[in-house]
Amino acid sequence: MADILAVENLQKHFEYGGGLLRKPRLVRAVDGVSFSVREGETIGLVGESGCGKSTTGRLAMRLIDATAGSIRFAGADITRLGGRPLKTLRAQMQMIFQDPHSSLDPRMKVGDLIGEGLRLFPEIDAAARAGRIAEAMERVGLRPEHADRYPHEFSGGQRQRIGIARAIVMTPKLVVADEPVSALDVSIQAQVINLLERLRSDLGLSYLFISHDLGVVEHISDRIVVMYLGRVVEFADCRAIFRHPRHPYTKTLISAIPIPRFGVKRERIPLTGEVPSPLDPPSGCHFHPRCPFARERCRTETPPFRRLSDGHWIACHHPLED
Amino acid sequence: MARFWANKAGVAGLAIIVVCILVAIFAPLLAPHDPLAIDISLQGMEPSEAYPFGNDEFGRDILSRVIYGARISLGISLFSVIFSLGLGVVLGAVAGFYGRGIDNAIMRVMDATMAFPAILLAIAIVAAMGSNMFNVVIALGIVYVPRFARIIRGAVISLKTREFVEAAISLGASDVAIIFRHILPNCLAPLIVQATAGFAYAILAESSLSFLGLGAPPPAPSWGNILSESKDFMLDNPMMTVYPGLAITFAVLGFNLLGDALRDILDPRLK
Amino acid sequence: MFPVLKIDDLQTHFFTRTGIAKAIDGVGFHIDKGEIVCVVGESGCGKSMTALSVLRLVPHPGRIVGGEIWLDGQNLMAFSEREMREVRGDRVSMIFQEPMVSLNPAFTIGNQLIEAVRVHRKASRAEAWERSVEMLRRVDLPSPEARMNAYPHELSGGMRQRVMIAEALLLDPVLLLADEPTTALDVTVQAQVLDVMVRAARESGTAVMMITHNLAVVSEIADRVVVMYAGRVVEQGTTEEIFTRPAHPYTQGLLRAIPTLSTAAEDDAPRQPLYEMGGLVPSLTDLPPGCAFCPRCSAAIDLCAAQKPPAFPLGETHAAACWLRRTEG
Amino acid sequence: MLAYFLKRTVLMVPTLLLVALMVFLLVHLIPGDPAIVMVGAEADPAAIENIRRSLGLDQPLPIQFIDWFGRLLSGDFGKSITSGIPVLETILERFPTTLVLTTLAMLFSVAIAIPSGVLAAKFRNTGKDYLFMLVSLIGVSVPGFWLGLMGLLVFSVQLGWFPSSGYVPVWQDFWQGLNYMTLPSITLGFFMAAVVARMTRSSMLEVMRLEYVTHARAKGLSEWTVLLKHALKNAFAPTLTTIGIQYGMLLGGAVVTETVFGLPGLGRFVVQSIYGRDYPAVQGCILFIALVYMFVNLAVDVLYKVFDPRVKF
């Protein structure tokens, strides 16, 4: 199947701090990220705070500009696209945000919020727009007659549905979902996840699903990208990642997750310390200070992101045995 | 709206302001005498039935002057707030939205303006440009420009990173659309609160300017002027100074009450 | 032998402009000495308010309007404010959710720990300092002496939460209230902090009332579980009972709605959609007259809508407030 | 701390330059010829020409500015047109009175404001709080100079508690001087007291909602310890900023207050210079006051760190 999105060696560097008398420090928020999303596929992008997963999503969406690297969407290079072509393109890639409270302008009616993107297309007149808004609302399980209510009249789960309707009304090919269920309660989270899965098969969407919750990611993804401090450490099929993780970080991450079942005591790989600050990442492999298997080479040499076997990519000098 | 009517202090403030505005509009009907009519025979008279607030050094009716004073004091403050609001919003929005060099340049000038004690800057401007109505409006207004600009700039910067603005950008909305549809409407609350404070400040500052002889040029009956003219008679006829002072306090109190109430309602963080 | 904590028909209501919100509407459970009990539920179910009610620190405009809270056989509701202050931080301590905002940013770690000792114990600064450093060491905080002079913002989230745990256990309380202590932390840090808390509590024989929405965490650390929904306890039992024989439809749904990691033992069957509980959490100002979960319950019968179900015992330790579990007599 | 202070001073340079430029332009952008404005149109043309040359007005504006600014840096604020005395000399002679007045006003207002703000926060939404809110609202609504006039009328004229005219500096006779300063500093500080008290109340309320305050209560601390140690230290940081800003209001208000009470301070000198169209004096005074104000705010920023250690230097 063809790739709908392919990013290669994507980099985003920010300047942090500094001032009149001090040179700003360079933060490599995203530092050489490569992966692809096939048509109709869901890619899960996981990692802990500060790993650059949200920045990667925004780079792919072209909400922020990459420092280096390339982004290809449906075969075309969009890394430097600007102006009108970029706006037209944006209809085909939509975003769903984490916080259903801050991602909806509190002063706009739900119908206007959902239909805002359609206004860019003069060929869609008011009647057609209203029709598509109603259709999108119905698809996500909202009552179309609620289009003239304000976001604050809805609960968290319903607001997230509004956010989803705003994305799918544009009939996108790709949806970047940034922690779309993290702010929701468990019982509501399940509703939204099922909705996203249903929409994917009904509308033929592809997802880039960003989350820190491995349980959710495992449930929804076909393939998974694991990030640590701005770099991809492992990229493989969902099952391979969870059953046979090859990168020590992936394995410790998975082993750290408790399972809600009685008597299941997981064998946990002891992990010391916390994620280092992206301001001051460790040398070589960023994970080496916490890695139980680190050797000298890991300290000095950045492991290349390489193909280990068919469809299994990894950045590690000493991958775990299969 | 319902929350506003439930706020007694705010309603009281609004009522005071409405009274002041009505007095200003209907001054000719309410004032018993011509505020400018000079009658030397009534010079410095104690309050009487015909002249309930007494007469000033030229025998003018103080009550009528206080009533007409509402026109001038409210008028000057209205125009100065409009001036500072307009300029402040534009500067602040441009600085906040475009950032970097433009932001730096604008905010440096704003900082420099704020480096002067407010009333001193107004005094200096009027002293340099001469005291007429227009200059007083500008002098009072300029002082408040940085305050509006800072609020708008801060709001724009924080709103710019809010997800709903990001969402609008991802939908392809233009800069202008984002500023006018998403950002400015969400800045309204702090702007309204600051504007009410601006009114209160302008009335007070105008009276200070007038007191120093740098406000609305005499014989215009601004409240500050009435006070200034009466202070030489203070020992013989203290009530002459009491009434215009009360008028100022009353009007300013109205704006402050309203401002507090609006802040409580519009900014739910402060309770 | 009294239980460490016994809560009986607790009612904490919030008197808001839009009406009375029954944040806690008749909650009852107990915690035995040294036991770890997890109170689980979704946001707004009243679990945090239960902890604050135990300390009698319900924020304005909330008020405890009924029920009893017994600590070691003493009725806390009858205590004066002064007596309550002696309980807080000494016999009962609390850990909060956000380590970023629960430590005072204006004081050093040492200042805050020493203060915690000296409120309740006659100790010199040096003794309090000693004790604090010792406690920081027990929660595995690296270089504890140096951290005593640090300000909270100079520590990472995980370290701050260790400081909170240290402070809470400084005076060997009989009960520790832990309100979502690891929710704000990264997964890998979460596991470490949780381990430290449980170990330190067990060492000092402190009973723990842990509040969480994360059922997975519950299954790892709890001795017993209390499930709350809309201000009421819907089910309680041992961890085994709750996870292997959940009796209340809400508990059952909650357990099925979580996407969990499949372990290697499981088959490669295609994925099923998650179990969905329809509907929304009811508003606390407008609770249905019967069972609060009734509008979302697929097994509801007529009685559920009409009458509030009492807790029906299902065993010595297991009970569910569900009409379907009605036991005769 | 010292390093930060120096760094901030360096960072102040651009603002300082802009401030100087604005003061300069204030006089030079006056419609018409400043020289004529100063001496009046009827004056002898030779005198006008003389002033023009002595002020360098025959040069192009940028040159004039550089010239003027260069002399400023060497401490030359120009000479008064009316008296011929160097402006800086008069400023330094007059400023102590203004400094004493504003400092007393500040001390008075902070001493009143912080306790009452804390109390109002503690008793929020009760009768005590409403009374406090009303009084403080009136405080920010009364024109200060009018309050001064009323104070003179009641306490000096009617009751005779304070002298109604004359002046003795505090450094000549402390108690006598204080007697002359009491009424002016109270009326001047009244507005500030109300502003600072309101700020204290609202930032206390803001802080009291935070989790670390609940945490402090959960430790078993008494309500007063929670309020005065844990809440106030945090709430004081924004209050401190307000105090800094309000000090500027005091410097401005001093102009009017000194006029009302006939105190020979810098503010009175500004007004006299304006009446006398003594532009070098006006320029000098305004620049000087702006400088004082900027340094007060700088000091406040440095102090801020004590109350909020999160601030990075």
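So that you can tell them apart, the chains are marked A, B, C and D in the order they are listed, and the count of residues begins at 1 in each.
We adopt the following convention: contacts are C-beta pairs under 8 Å (C-beta built on N, C-alpha and C of every residue); 3 or more make two chains touch, one makes a residue touch a chain.
The shown structure was predicted, so the numbers you read here are calculated from the model rather than taken from an experiment.
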Chain-contact steps, minimal, separating chain C from chain B: 2
Chain pair with the higher count of C-beta pairs in contact (A-B, B-D): B-D
Inter-chain centre distance, chain C versus chain D - centres from mean C-alpha coordinates, in Å: 53
Rounded Å distance, chain B centre to chain D centre (Cα mean): 21
Residue list for chain B, restricted to those that touch at least two other chains: none
List of chain C residues in touch with chain A within their complex: 42-43, 156-159, 186-192, 213-220, 239-240, 242-244, 253-255, 257-264, 268, 271, 273-278, 280-281
Chain C-facing residues of chain D, complex: 209-212, 214-222, 230, 233-234, 307-310
Interfacial residue positions of chain B with respect to chain A in the complex: 162-173, 181-182, 185-186
Touching residues (chain side chain A, partner chain B) in the complex: 58, 61, 63, 86-88, 90-91, 94-95, 97-99, 102-108, 116-117, 120, 163, 166, 170
Touch list for chain A against partner chain C, complex: 48-49, 155, 157-158, 185-191, 193-194, 197-198, 212, 214-216, 218-220, 239, 242-243, 252-254, 256-265, 268, 271-272, 274-275
